[in-house]
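Below is the structure I would like to discuss, written out as structure tokens.
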Amino acid sequence: MTDARTALVISAHAADFVWRCGGAIALHQQKGWEVTVVCLSYGERGESAKLWKEPGMTLEKVKAARRREAEAAAEALGVHDIRFMDLGDYPLVLEREDKDRLVALIRAVQPRFMLSHSAYDPYNTDHMYTTQVAMEARMIAQAWGHEPGQKVLGAPQLYLFEPHQTEQMGWKPDTFLDITPVWDRKRAAIECMEGQHHLWDYYTNVAENRANHFRRNSGGQAGGRPAQYAEGFQSVYPRCVDEL
Amino acid sequence: MTDARTALVISAHAADFVWRCGGAIALHQQKGWEVTVVCLSYGERGESAKLWKEPGMTLEKVKAARRREAEAAAEALGVHDIRFMDLGDYPLVLEREDKDRLVALIRAVQPRFMLSHSAYDPYNTDHMYTTQVAMEARMIAQAWGHEPGQKVLGAPQLYLFEPHQTEQMGWKPDTFLDITPVWDRKRAAIECMEGQHHLWDYYTNVAENRANHFRRNSGGQAGGRPAQYAEGFQSVYPRCVDEL
Amino acid sequence: MTDARTALVISAHAADFVWRCGGAIALHQQKGWEVTVVCLSYGERGESAKLWKEPGMTLEKVKAARRREAEAAAEALGVHDIRFMDLGDYPLVLEREDKDRLVALIRAVQPRFMLSHSAYDPYNTDHMYTTQVAMEARMIAQAWGHEPGQKVLGAPQLYLFEPHQTEQMGWKPDTFLDITPVWDRKRAAIECMEGQHHLWDYYTNVAENRANHFRRNSGGQAGGRPAQYAEGFQSVYPRCVDEL
Amino acid sequence: MTDARTALVISAHAADFVWRCGGAIALHQQKGWEVTVVCLSYGERGESAKLWKEPGMTLEKVKAARRREAEAAAEALGVHDIRFMDLGDYPLVLEREDKDRLVALIRAVQPRFMLSHSAYDPYNTDHMYTTQVAMEARMIAQAWGHEPGQKVLGAPQLYLFEPHQTEQMGWKPDTFLDITPVWDRKRAAIECMEGQHHLWDYYTNVAENRANHFRRNSGGQAGGRPAQYAEGFQSVYPRCVDEL
Amino acid sequence: MTDARTALVISAHAADFVWRCGGAIALHQQKGWEVTVVCLSYGERGESAKLWKEPGMTLEKVKAARRREAEAAAEALGVHDIRFMDLGDYPLVLEREDKDRLVALIRAVQPRFMLSHSAYDPYNTDHMYTTQVAMEARMIAQAWGHEPGQKVLGAPQLYLFEPHQTEQMGWKPDTFLDITPVWDRKRAAIECMEGQHHLWDYYTNVAENRANHFRRNSGGQAGGRPAQYAEGFQSVYPRCVDEL
Amino acid sequence: MTDARTALVISAHAADFVWRCGGAIALHQQKGWEVTVVCLSYGERGESAKLWKEPGMTLEKVKAARRREAEAAAEALGVHDIRFMDLGDYPLVLEREDKDRLVALIRAVQPRFMLSHSAYDPYNTDHMYTTQVAMEARMIAQAWGHEPGQKVLGAPQLYLFEPHQTEQMGWKPDTFLDITPVWDRKRAAIECMEGQHHLWDYYTNVAENRANHFRRNSGGQAGGRPAQYAEGFQSVYPRCVDEL
């Protein structure tokens, strides 16, 4: 178990991990990684408009429905473990003890890389807050004096996955991942999100166009790799390499 | 020969490739790559102050001295091929035919990656001009209608190597390369630059401190790699990968 | 009433709405809009130096004086409704229930656009905090699960009005509004601010110079509109149009 | 004729105006505007890979084919007038007399707005050079001492249309245009570009996803306009308005 | 003479030095400095609209009129020396020999600081081009191999003076200069610019408001210096100091 | 005492003031200034890895050890007064009353300038949080209504001292200070930090290389000042001067 390569996705709301990095999850699982997803909230207030338009809806019913969708999507993607912190949304707020729970999870997972939201999002302050918390929790997990005796965290990359309306968020991808081999699984996971049907084709278009960027950046008309679906990510920290 | 992995360094002045990416050159050569260096000028007017303080100095003498130094440094680094375009400096200017010569070289080398200067440099407009030219030449080399029949260029990464006073240039490294195995060769190449003795220790300090950054970003106090010397690079284009 | 076009100004301190968007308020009122202003604080601690220099001054007296001034200015501008949340200043802090009150106000007003402070202000952290809160409250007001049954908010533009020392705040106007027809009302409102006499001419100069920018950008020496007074605004979100 | 509302598109290569603002052209033509397109080059060297792969191809044949495609696309969009300056590409260079010809065209058209490329493009230096030239030509066209007696230019907006890989170009749209009414015409124009078949679906995806942004920014789940296809633009200059 | 403290203003057009740094010139002259101004052009085509509206105007007449105004303004400010390079405007272009003449002037003056335009200006490409040239000429003037034997340049600060519409130019002042003691001279110089009467009050407003910034940044309501007129500048290079 | 020139360093953790501005402290003390240092925490959890690796370590022991080191370093630098607020680290959090204590200290010191961390730090959120707090506390200290009767603060510069990995923090120095006269004291203070031996040479390299920047910016090969050790700082606010 200790030898497994692991990754951790920190998702503000229940569905974010599907649209934004479902391909990365499925691909790494397929390659033998163990990918854990933590949903800080269910997106029950702010990202469940369709459910709230139904008669007799309650917060608990929405949360249950959102959880079922997220679990189904996680199943489709082969997620190793999915956790729900149920911290509320719009706005999402983490108290000190919530942060400590997140730090404990990070240390338990010992991810080689982490995935979270864009650093800025004027449409969705939960998203940028999540990234701030991810950075803070990563820092605490590295502290030898936090819960001394636990294994401290190394220096995993923090990839920022693709937000909605990338240019408004100031998000710039520096890494394109070919998810062609697992596209069927991502599309299946997307189709678990019944309440957000209007986004199914949107993120399919995104995947197709990111594949165009993959082809262009891997050689273009002179040898580019024929990816059909891709995802983009922005790195927060520099890479350490032995070859350029 | 066609199977060799190749790289190309575009250096505004004769010495730039030594300070800024000498480690990358030596390391890749050691790993079996063929690294070509093209010096657009000798830095004869603007980067040879010590020589000009000697009596009886002429432009030709300076250029000859600078060339000898650069060739010696290239030898120390194991450079596959070094070219001098002798285009003049302070300011450096490339006419259309000079750009075509550069394009021809790029196509002949077919580099998997290229190295050049920072995108901005208010101290040294030759440097930022070189990067503009590198981007333009890369684009022309990709054009199927430029010298039809020649093998067109794919989409090599353009790494911007470390400028002097990084923060003033707006340069931000996203890649650190461990050059510990070839540090002796880089230091030997540096010591070929007799006219710029004041920079020997400066760039040794840089290499030591970049190794600190390498250690920090590869795990810090919890598993960081014990690099002793490193170089930093900024990527212009996104990477295409199969695993994060 | 439901057919009225409405706008909402979120002002950190009692006087901000006067200097920064008094013209926009008066102009839209004149055109039949209903403009509501909410002052999160009176600016009683940090923006009332002149009052505090008087003997026997107390916090309550300052707040009362500031409120009187703000109400008089609102009257001069024709403000539809002015609200005082009295949340304290230097620093301004909104607890969760304060944010909920602000969200309730936003939903009640259903503004077609909102106005608030610049996104950055190293002189006045209350200002940038107010903008963060405005974005967060806008997001919550859009959530179908927040107070279900209430009318949710659409997607009003958030205009950032002109801060003091624009360049230090990184504020860049993308919209100039001709306030010539209502300048007298803005000047009258400005003159209600007895405690900040040193700013009367400052913001008159601003209005004159912004009119120069209006003239320049509407045609310059070849047909520019002869505005005499103007205000500038920075948009946070893109516009949706049927004609460029 | 002098009363017609006019616009001018400055396109680096023959096909750019189709992908990037074909909808805006067709829509404005439909509304009674007269839209002129000027192609600075045919994109004959750098954007005609498919043609160059055919046997016996020559520069003249490529240019003729590209011109035919562009003319057919212009026809499909209802372009008022299309001009070809035939200045060469990869790299595109304008001499002083070429700039003067462009200025003369701008003055003849007297556009209410102009359209050109993103301000930065590390993949395609022709694109960013074109925008520099567009700004310079706009400035010269405003000069009363340039060809005195001619009608000088006012202050038309310069919209930057959507580049390929928006985030890499630092392009941020601030205006979304609903092109649903003319989508069929844009798609027809796109299908005139036989040499770039791989981009047909790419830009259809772009139009669909920009419509999602249009819906989101015009009201989202609470009243957003049901656009099906849209285009995005970035403004260089501020707007002058009488109402926010 | 060699002991005099010297400064150099590089002005794209004949009037720029007056509006943008007339106070700095007069103040330093008053303190015993010798300030040289070089006008690269007269602004004869692009900044002389009023003259061109007169009947029978010719380029030579405009240039003569502009020169007289500039000389009168220089006289009012006490400029040590004013040079006119007459290189043309809209667009301004410097050939290699023009740059060499500028370098020769810089070396002759040996300025302790230089003044020029903002780094970006989408309204006036002559302005940003001038700043590029100023940086390039400064670099060449520092080259020991350029005209060997001449005294090379040290490392003078390059201050960017205030452009029109500061926020659109991305200009951010980091230095405010109190010009109260010489305001009368600056206003007198401004009034020499008969062709641009519409800017007299504009730049008076600017000076008054910059003084407000000076007061605020030197202590505000707790000890700020009572400047009545000020100018702002942005530094390109870091300062070297012995005390913070 | 009231006549002394005073400065205040706000240090997130106990050791930061040593690495980042020890030279500035010692130099100003030597010149007769009184420099106060406030350490918001001891860095006991996050910056004491070496201590935590010892058996039987406790939080109190770590804090005591860190305090001893900081006091010894302060002694070596000649710090006028050092305060420890003991607010905890990783994460550092200031409640309202903690901020009030900090404001009280600022008012008591009445610094002519303040020193704190970079505005951004994705590795160490305590650092950027400290800078936010420094700005907020500075603002509150300027408020006449905060603890009326106390002497309010003027407008001291806030210098941001050098972070680790400057480019990742977006930190750009605009001021270099020659600390050659007090280097021995800074090195002595550095050597008090026994738990962070790996940083001794790192920050010595930094000081040497910053001196290279000092020499370059004060004249380079034509008259640069021969500094051997320097520190760099970024200013938040503009300077107010009587001479450029």
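In order of appearance the chains are A, B, C, D, E and F, and numbering begins at 1 in each one.
Definition applied: a contact is a pair of C-beta atoms (placed from the backbone, for glycine too) under 8 Å apart; a residue touches a chain by one contact, two chains touch by 3 or more.
Which chain is which protein? Per UniProt: A, B, C, D, E, F = GlcNAc-PI de-N-acetylase.
As the structure is a prediction and not an experimental result, all values here were calculated from the model.
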Item to check | Other chains in touch with both chain C (GlcNAc-PI de-N-acetylase) and chain F (GlcNAc-PI de-N-acetylase) | outcome: A, E
Checklist entry - What is the graph distance from chain A (GlcNAc-PI de-N-acetylase) to chain C (GlcNAc-PI de-N-acetylase), where chains are linked when they touch? => result 1
Checklist outcome for this item: Looking at Cα centroids only, farthest away from chain D (GlcNAc-PI de-N-acetylase) lies chain F
Next on the checklist: Given that chain A (GlcNAc-PI de-N-acetylase) and chain D (GlcNAc-PI de-N-acetylase) are copies and touch, would you call their interface same or different according to whether over half of its residue numbers are shared?
Outcome noted: same
Checklist outcome for this item: The assertion on chain A (GlcNAc-PI de-N-acetylase)/chain F (GlcNAc-PI de-N-acetylase) checks that the Cα superposition rotation, as a multiple of 5 degrees, is 120
Checklist outcome for this item: Relative to chain C (GlcNAc-PI de-N-acetylase), largest Cα-centroid distance belongs to chain B
Next on the checklist: Just the number, please: Cα centre separation of chain C (GlcNAc-PI de-N-acetylase) and chain E (GlcNAc-PI de-N-acetylase) in whole Å.
Outcome noted: 36
Checklist entry - Using CA atom averages as chain centres, what separation in Å is found between chain D (GlcNAc-PI de-N-acetylase) and chain F (GlcNAc-PI de-N-acetylase)? => result 52
Checklist entry - Touching two or more other chains, which residues of chain D (GlcNAc-PI de-N-acetylase) qualify? => result 49, 123, 142, 144, 168, 173, 213, 216, 221, 232, 237-238
Checklist entry - If each chain is a dot and touching chains are joined, what shape do you get: line, ring, star, complete or other? => result other
Next on the checklist: Judged by the touch rule stated earlier, which pairs of chains are there in contact?
Outcome noted: A-B, A-C, A-D, A-F, B-D, B-E, B-F, C-D, C-E, C-F, D-E, E-F
Checklist entry - Taking the complex as given, what residues does chain B (GlcNAc-PI de-N-acetylase) use to touch chain D (GlcNAc-PI de-N-acetylase)? => result 96, 99, 132, 135-136, 139-140, 142-146, 148, 158, 236-238
Item to check | Residue ranges of chain F (GlcNAc-PI de-N-acetylase) touching chain B (GlcNAc-PI de-N-acetylase) (in the complex, touch as defined) | outcome: 49, 123, 164-168, 170-173, 198, 201-202, 205-206, 208-209, 212-213, 216, 221
Checklist entry - chain D (GlcNAc-PI de-N-acetylase) touches which residues of chain E (GlcNAc-PI de-N-acetylase) in the complex? => result 44-46, 48-49, 52-53, 57, 59, 62, 89-91, 93, 122-126, 168
Checklist entry - Which positions of chain C (GlcNAc-PI de-N-acetylase) touch chain D (GlcNAc-PI de-N-acetylase) when the two form their complex? => result 7, 24, 27-28, 31, 113, 142, 144, 151-155, 157, 159, 173-178, 213-214, 216-225, 227, 232-233, 235, 237-244
